[in-house]
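Two complexes are shown next, each including chain A; its partner changes from chain B in the first to chain C in the second.
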Partner chain A sequence: MLIKKIQKINVYAMTWRLPIIVWQLLFFVGPVIFMIAMSFFLVKNYRMTEAFEFVNWSKMFSKNYFWDSYLHTVTIASVSTVFAMIIAFPASFALAFKASEKLRRWAIFLLIIPFFTSYLVRTFSWFVILSENGVVNALLGYIGFGPYTMLNTNFGTLVGYMTLTLPLVVILQTITMASIDRTLIEAARNLGCKPLATIWRVIIPLSKAGLIVAAIFCFILSFGDFVAPFYLGGSQEPTLPILILDTTKSGQQWPRAAVVAIVMMITLFSVAFIGIALAYRKKAKK
Partner chain B sequence: MNSKRILNIALGAYVGAIFVFVFAPIVFSVVFSFNSQRFPTIPLGSFSTEWYVKILNDPDIWKAALNSLIVSSSTAVIATVLGFCTAYSDFRYNFRFKGPYIALILLPPTIPLIIMALAMLAWLSKLGISGQLWSVVIAHSVLTAPFAMAIIRLRLNQMDPDLESASWNLGGSEWATMRYVIIPFCKPAIISGLCLAAAVSFDEFAVSWFVSGLNKTLPVVILEIVQGNIDPQVNAIGTFVFFTSMTLVILAQIFFVQRQIKSTKS
Partner chain C sequence: MTKPLVILEKVQKHFGDFIAVKEINLEINEGEFLAIMGPSGCGKTTTLRMLSGLEEPTIGEVRMNGQVMNKVKPHERDTPLVWQSLALFPFLSVIENVEFGLKMRGIDKLERKKRALEWLEKLDILEFSERDISTLSGGQKQRVALARSLVLEPKILLLDEPLSALDAHLVIRMQAVLVQLQRELGITFVYVTHSQSEAFAMADRVVIMGNGEIAQVGTPKDIYRSPQNKFVAEFVGRNNILTGIVSDVKKTKAMIETGSGVFSVILENNSLKKGEQASFVISADLVHLSTSEPKTDNTVYCKLISEEFVGSMVTLFLEDQNNHEFKVQMQERELSKFELKPGSKIWLSWSLKSTHLLEVN
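Here is the complex of A and B:
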């Protein structure tokens, strides 16, 4: 009787637990592991043959353009992260501390929308706005400036990255800072702490973990995006995602693209790991 | 006191500027789609529906729109079913390896799309099922299930855990409890989940581009037009895509938030 009951419970539990395990093993873990395996395959006469050779790894690692691209991607993703964090901060600060609860909800509601709308079309829109004869240069022309070349520069790439990351960074920063205990801030003020010092010595340390998470997300998004560097940055200096794109689409060199993808994943995991460790360490100290 | 006011106004203006930056590309895309100029700038040209007429007469665009519709609705159903199962398992049970179990569903969106695209392309080709519409559905359901899972899990959090045992005590089996108690309670979140998953799938271009083969979805068509040149058709298609996904996201939020208010009241 009892055994029967246990079995019955298990059937019910497994009905809910198993689908995702099976599905993700087949279509998430499967693809990722296969990609890792693929980096050791060989390409002969434009056909991929299964093998276990290190030739793709050694080929990619011996190419200067690979390391240039790596350095460039890490640099521009880091710059993007620093920019996004700094540009977002005053807005998040205002939304967290100056805005009413209702206004803050509305702001977050609005900022969620772009996250679900076509990034591609937004990028194309920037392409038109920032072009030599575009809206920005026309407006600058009225007050006697320009025209400036903004496309096919790192500036263009950064505008694209900001479009992608700013909404998320503002949301994460706002939520983090809004959840700080207000009495601690008041206490600091009562003890004579100046407003800027309050931000620097009370608010930022208290929201450190959330801020680091926001920065990690920002880095991941910028590091992995191929649209902004491709359409707005002109891709003269290809980033790693563009390298994957070119290698896969034009060269049929899937195994080499896999090498680039794996290097990217290792980099992202390291950044996320270090970031989380940093967030955690500071918290434990306090 | 006065300087504090100036500071507040400045901060308000700053928040406004951020919103302008975030929404400028969306607004301009809509404005340009009704603009006669081929290279839109200021001052704007005259009002025109030329680009809409052009896309409405293009059978390829209709085909792509139909493909997008099929992909996003199928993806939404699969992702929401998977998300519901996982959210319920997480809510109801404690078991070994629960951390990895949750990570399994939550990880995919944190991996760059270009990497997922390559991995999916290679794996689905290996299985012999790439280049079809449902290869896109499979890939998209992996990417969107976490959104459905998260929103259903939030809803389950609001459920009194005693509700389930009350139903058992009254003689309902677990299956009946699921059917008559839990699913009705989660209904608003399930609908939100469907909308969110559909919205994400409807805009996704990288993975679709890699695995769809000749069965292009709308974002893939946009990508291919954009690669060519400045073509204001993109703004017209883009406006349509924007409004579709925005409607879905807003519906998702309305369903979720309204029910939340209702249940806190009662």
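Here is the complex of A and C:
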């Protein structure tokens, strides 16, 4: 009787789990396995042939441009993350602590709206603002500065990254900080903590997990983004996504592109893993 | 002992249109254990928050040691609060929690640690000093919260229903700890609670609040035996409240005609006129039962409705022929003599000196 019951429950649970398992196998595990296999294939006469050779790995790893690009991508994605976290913080802080519940809900709704429009369109709209005869330079011209080159620079790439990540970072930071127990902030004040000092004495420690998750998202999105460095950064110094594009275009080198993609995935997994471990780290004291 | 440490003068607190505290005049003496008690929403917590500076009075003045405190920010005051939720910092260890206030006051590391350890020892939680807050039991957390506030050696400690989350047996233990601490340290405790047993067991004086106003201030005995008005009499419970018309006034007593009969009520400093409406109370524990009609004043013939046992004490709920409820409280072993069942009829009586006239309000 009992065994029958357990089996029944398991079948029921499995039925519900099945779609997600199938989805993951079809669209994540499968392609990843194929990509790993592909990184060992060879390209002969512009045609990919099945093989098991390490030549793609050794070729890519011995190229300086690969490592330069890797370092550049990690750096610029990190800088973007730091900037996004800092720029978002005052806004999130105000929404979490100064705004009414109603205003906060509206703000979060409005912050979701950018995701309705194409990221590409939003990126192109920066041309109007940042180009040599764009809005910013026109305004600076009035007070006797510029014109400055902002497109096709790392600055352009950063602006592009943040177009993608800033709304999300604000949403995540706001939700995290809004859910803090206000009593703890009052308790700190009651014990002699100055109003501003509560930010790093209480608010940041309490929202650590959420803030780290926001930073991870920001890094992952920036690191893997192709649009911003391509259109706004001018791809002079190629980031890894642009390197993948170039590699596939020049001589159908899909296997080498796969090597780059795998390195990117390993990097992102490591960042996410370390980040989550930091976010939920407990003191080992007993 | 009787020097006022804190004076609240005509203090009001409004939140938009809502008036949380209507007008409060209160003196809190140095070294006393004062309980502020009332139903939820009566303004007791708001009053406490005004003492800590977390709320600023809309009208009126809060003075401490003669200094007006209205504009003094919470972090500039020495008025630590023990919170209902305890509000311990989950990201800090036990000792770091206790050190927090000292750190904010710029006291150096060694001194901080020394003082924190002293208090952990005093409160019997020294062995947990390096532990995570989440690994502690409710009672232990309670002690950490107390240590965190007391380590600052304040003149006044504010407590906002600190025991409400504890198990009943722990509440009794912590009450003893609190009273002993207060006596030892000689500092003022202002203790907000909705629990009568807590307030009456610990406090030197009790403030009863209702609807943003003070209904009565007095010793627990005053409140219990001589409630000033209907609100206090009802809030304290276990009181039989009767309302009627004064039919005769003599030197020391008045006759009041109620729906349940004519009763004599003792006159203390009250002046009553014939024909006025008046209310009086008789504590449930001062009502006697008898199977035959007593040959005295102040008797009612009632039907037993239900009984409620708390330990060895029983509260009987009875009704007279007009369905007016009476409460009688007595020891269970006394009650067993009467062999009562729901529906049984019995005589209630009380002596003249057990009556207490309420102020008209």
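The criterion applied here is as follows: the second predicted complex is superposed on the first by the 255 of 286 C-alpha atoms of A that agree within 3 Å, B and C clash if a C-alpha of one lies under 4 Å from a C-alpha of the other, contacts with A are read in each partner's own complex, and residues count from 1 in each chain.
Throughout what follows, a contact is a pair of C-beta atoms (placed from the backbone, for glycine too) under 8 Å apart; a residue touches a chain by one contact, two chains touch by 3 or more.
Source: prediction; values computed, not measured.
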Room on chain A for both chain B and chain C (clash or fit): fit
Chain B or chain C, by number of chain A residues touched: B
Which of chain B and chain C A:K208 touches, first, second, both or neither: second
Which superposed partner A:A94 touches (first chain B, second chain C, both, neither): first
Touched partner set for A:G192, first chain B, second chain C, both or neither: second
Which superposed partner A:N45 touches (first chain B, second chain C, both, neither): neither
First, second, both or neither for A:N64, with chain B first and chain C second: neither
Angle at the Cα centre of chain A, taken between the Cα centres of chain B and chain C once the superposition is applied, in steps of 10 degrees: 90
Which superposed partner A:T183 touches (first chain B, second chain C, both, neither): second
Touching partner for A:S118 - first (chain B), second (chain C), both, neither: first
Minimum C-alpha spacing, chains overlaid - chain B and chain C, in Å: 9
Doubly contacted chain A residues - partners chain C and chain B: none
List of chain B residues in touch with chain A within their complex: 8, 11-12, 14-15, 18-19, 21-26, 28-29, 32, 39-43, 81-82, 85-86, 88-89, 92-93, 95, 101, 104-105, 107-108, 110-116, 118-124, 126, 138-139, 141-142, 145, 174-175, 196, 199-200, 203, 205-206, 210, 219, 222-223, 226, 230, 234-235, 237-238, 241-242, 245-246, 248-250, 253
Of chain C, residues touching chain A in the complex: 52, 54, 73-75, 79-81, 83, 85, 87, 89-93, 100-101, 104-105, 130-132, 135, 148-149, 152
Chain A - residues contacting chain B, complex: 9, 12-13, 15-17, 19-21, 23-24, 27-32, 34-35, 38, 87-88, 90-91, 93-95, 98-99, 107, 109-114, 116-129, 131, 133-135, 137-139, 162-163, 166-167, 170, 220, 223-226, 231, 241, 244-245, 248, 254, 257-258, 261, 264-265, 268, 272
Residue ranges of chain A touching chain C (in the complex, touch as defined): 181, 183-184, 186-195, 197, 202, 205-206, 208, 282-283, 285-286
